[in-house]
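Down below are the structures I want you to see.
Shared between the two complexes below is chain A, which has chain B as its partner in the first and chain C in the second.
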Partner chain A sequence: MLTLENVSYRYAGALRPSLREVTMTLRDGEIVGVVGPSEAGKSTLCLVAAGLAPRTVGGSLTGRTLLDGAESMSLAMYEMAARIGIGFENPGTQLSGVTVTVYEEVAFGPMNLGVARGEVVARTEAALRTLHIEDLSARDPARLSGGQQQLVAIAGLLAMAPAHLVLDEPTAQLDPAGTQLVSAAITTLARSGRSILIAEHKTDLLASVCDRVVALESGRVVLEGAAGAVLGDPRLRELGVSEPSAIRIRRLAAESGLRSGILEEALAAPATSL
Partner chain B sequence: MVGGLLGPALLGVAAVLVPAYVAGVLRALIRTALLLTLPIAISVLLVNIFFFPGGRDVLIRVGPIAATREGLGFALEILARILAISGAITLYGLTTPPSTLVIDLERRGVSPRLAFVANASVQAVPAMVERATQITAAQRARGLDTEGGLLRRIRGIVPIVGPVILGSIAEVEERTMALEARAFTRPGKRTLLWWPPDSQPQTLARWGLLLALAALMAARIAGVLR
Partner chain C sequence: MIELALEAVTHVYPVGKVHALDGIDLRIAGGERVALIGQNGSGKSTLVRHLNGLLRPTSGRVLVAGADVRHATVAQLAHTVGLVFQDPDRQIFAGTVRAEVEYGPRNLGLRGPALRAAVDDALAAVGLEHEEKTNPYDLGASRRKLLALASVLAMGTPALVLDEPTTGQDERGVERVRSVIDAVHAAGRTLVAISHDMRFVAEAFDRIVVMRAGRIIADGTPAIVFGSDSWETLRSTYLEPPLAALLGARLGLGSTPTDASLVTALGATASS
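Let's turn to the complex of A and B:
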């Protein structure tokens, strides 16, 4: 379980804090989405949750972050890395830059953790399979498209087998098919007991995978609750966050007086893409 | 005395050409080594053939300057040494991928961080070139003139070099975080997935080369080689 208690965080040299008195809990097996306009503090929340801020980024933090009951700051970064993985928006900078094949890139994390070679191989192959990128194994990671690199970066996180996962815009460079792969992987991981925090603009993705959603504005939590309730809250649009397609269609249909039964039948049909 | 042209020529054949043939890179080696050596070879030949201080036996006279037999001999000697050196470097480059070298160094106890720095430095070069190409294209699309006279070209470098360097620096923080998040800072040995095979003939060759180096140095000191 990941817990943030009254956490405020200010980057070094910044006039205002980027996070203000944030309190939230991420339970095992739970998927929590984070939405908000630009500069609301979504990425900062991810960095704080993963223990990188202020440890690596600098700045000052007040409040407490607890990882499975232990103070995050009491754990060394490599101990944090074994428990909580973080993926960033830009896949290019997440790659190690020293591997010549995707297979080695995905294996980089577990190799650093010093797990047995057989286990590294098993984890790497399982991660590649989960995201259906086995055919990229022999390719040079630097020569992949942005979307492919994003999948490789996420596979690299999965291979570390962390109990908690923080994903900052994990599908920013992905097409609908890639987004669906990530969505399916997230759901599978949560079913196996992992807790997942996702900061994401694609509210359709959040609507399909999240149990709860937190909305941030100027570093504060302004909405929090069940995914359906928060993503359907009209205040979300006022924050500049687009509502999920299904909610938008329902709203537009209601506004134009369309009979709701027809629409509900259409929306109840299985989705083919996000 | 063994030396002059014969020494470096023998060394070039035994330590460069034969191993290159065995490794199947002989053709690539000759092409690359010659290309690398060409500019310096031309200057060495011209300077020594025409301006060798002790030259007496004139081969050909071009106006006030003369090409001498002694100059030609000395130039060929120097050229043979340069070719042996550039051949050895090229052979190393053609047969040893940097990542393989780094993995083997790490296996032999070199710190993973040091190995990472060495590897990342090599791998960063193509990435920087690609970034520079993209920025050049973007700047040209915005009207930057990178062709024409020398001054205009120099002026065009600034808007390209700036973003290349600043962009690389900006990436450093995120890369550092990504490495931290992948347990790179964990103390102790990393698990290695593979390492280059080290056969008995390779071990023997390494020791043989080391002994040969010592023998050559001793011969040089003793005056057998010049």
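Let's turn to the complex of A and C:
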């Protein structure tokens, strides 16, 4: 379990705090979405939750962050890395830059955690399979498209098998099929008891995977609750967050004075052309 | 208004002999507003890099305003086709927002009031008019992306190519990009954009070109490309039409690629 208690955080040299009095809990087996307009503090929340801010990033933090009951700050960096993984929005930031094949890149994390060789191989191959990128194994990570790099970066995180995973816009550069793979992968992880915090602009994705959603504005939690309730809250739009497609269509129909009986029937069927 | 055309273009990357483009024939009329969709690695970015000479075809011809780009330098093409990269950090280098936006038009020879006006207009178009003196790296990632858009917009090129313009943008950012696209279109500039956001392409573009493995597999209006007759083609490359298109077909309302067209069609059935 990951807990933030009344956390405020300010980057070094910043005039204002980027997070203000944030209290939230990420339970084991749970997927929690983070939404908010640009610069509301979503990425900062990811850095703080993963223990990188202030430890690596600098800045100052008040309040407490607890990882499985222990103060995050009391854990050594290698202990943190074994328990919680973070995926950055830009895979260029994520990739190690020291490996020459995708296979080595995905194996890099568990190798550094001191995982036994056979286990590293098993985890690496499983992660490549999960994201359907086995055929990229021998390629140079630096010479892949942005979307492919994003899948490689996420495979690297899966191979580290952390109990908690923080993902900052993991599908920003992915096509719809890649987005589906990531969504399936995190759903599977959550079922195995891992917890996932995911910041995303794609609210359709959040609607399909999240148990709960928190909305941030100017560093504060302004909405929090069950995914369906938060993503359907009209205030979300006022915050500048795009509504999930179904919610938007319902709203537009209602605004045109349409009774939506047949629309609801159509929406009840699965949202796929298959 | 300038036309862009690819004729039987192939592009083979030297490393691994990857056929990124495999016989592309595409004609984009002057002033058209075209979206390119397809999976990661289907050749979309490779295709658009041919339009401003960053990449040269292995075979076939690329024509910009009727002239074969083989005879043009990248510098000459920069006057005609502006390209905004997916990752803004690949193009941002200046110390202030204003200097960043000034760089392009200055290189094209603009000076004095004309330069000032071009920069002012571009900054206002993306909502960065109050950040002139800000260091680009003090802006968040989404506003850096809008800055990269402004810096190409300011060059006033008759054709504009945007690679994933809405990635990482919140609702307001997407609206900004949309209004820039509308303004560019209204000014008669030719516009090509790559996107994975099906709802956005259905709403903001007149024509959608679908790519798979270096080839074009569908090409038409949003109503055609997202209409149920095209679903099998879309599925062959793991694309799904927007939810509005699915609902419209499910309700027997014909092709309704956008939320607005779905609601209009629903209204028409309700009142009849």
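Methods note: the second predicted complex is superposed on the first by the 270 of 274 C-alpha atoms of A that agree within 3 Å, B and C clash if a C-alpha of one lies under 4 Å from a C-alpha of the other, contacts with A are read in each partner's own complex, and residues count from 1 in each chain.
In this text, a residue touches a chain if its C-beta (ideal position, glycine included) is under 8 Å from a C-beta of that chain, and two chains touch if they have at least 3 such contacts.
This one's a predicted model, so the numbers in the text were calculated from it and none came from an experiment.
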Task = Using the superposition on chain A described above, determine whether A:A122 touches chain B (first), chain C (second), both, or neither.
result = neither
Request  = Have a look at where A:V222 lands relative to chain B and chain C in the superposition and call it first, second, both or neither.
outcome  = neither
Query = Which holds for A:A107: it touches chain B only (first), chain C only (second), both, or neither?
reply = first
Chain B versus chain C as contact partner of A:N90, first or second or both or neither = both
Inquiry  = For A:V98 in the superposed arrangement: first (chain B), second (chain C), both or neither?
reply    = first
Request  = Answer with first, second, both or neither: which of chain B and chain C does A:A163 touch in the superposed model?
outcome  = neither
Request  = Examine A:M1 and indicate which partner it touches, taking first as chain B and second as chain C; both and neither are also allowed.
outcome  = neither
Query = So, A:A184: does it touch chain B (first), chain C (second), both, or neither?
reply = neither
Task = Have a look at where A:M73 lands relative to chain B and chain C in the superposition and call it first, second, both or neither.
result = neither
Message = If I apply the document's touch criterion, which positions on chain A are contacted by chain B in one structure and by chain C in the other?
response = 90, 92
Message = Applying the document's contact rule, which stretches of chain B touch chain A when the two form their complex?
response = 97, 99, 102, 112, 116, 119-120, 123-124, 126-127, 171, 173-193
Remark   = Interface with chain A, chain C side, in the complex: residues 15-16, 38-41, 45, 86-87, 89, 140-143, 164, 167-174, 196, 198-199, 228, 231, 234-235, 238-244, 246-247, 250-251, 259-260, 262-263, 266-267, 270
Query = Can you name the residues of chain A that touch chain C in the complex?
reply = 36-39, 43, 89-90, 92, 139, 143, 145-148, 169, 172-180, 201, 204, 237, 240-242, 245-246, 248-249, 252-253, 256, 258-259, 262-263, 266-267, 269, 271-274
Ask   = Which bits of chain A are touching chain B when the two form their complex?
value = 47, 50, 52, 55-57, 76-78, 81-82, 85-86, 88, 90, 92-100, 104, 107-117, 120-121, 142, 156, 160
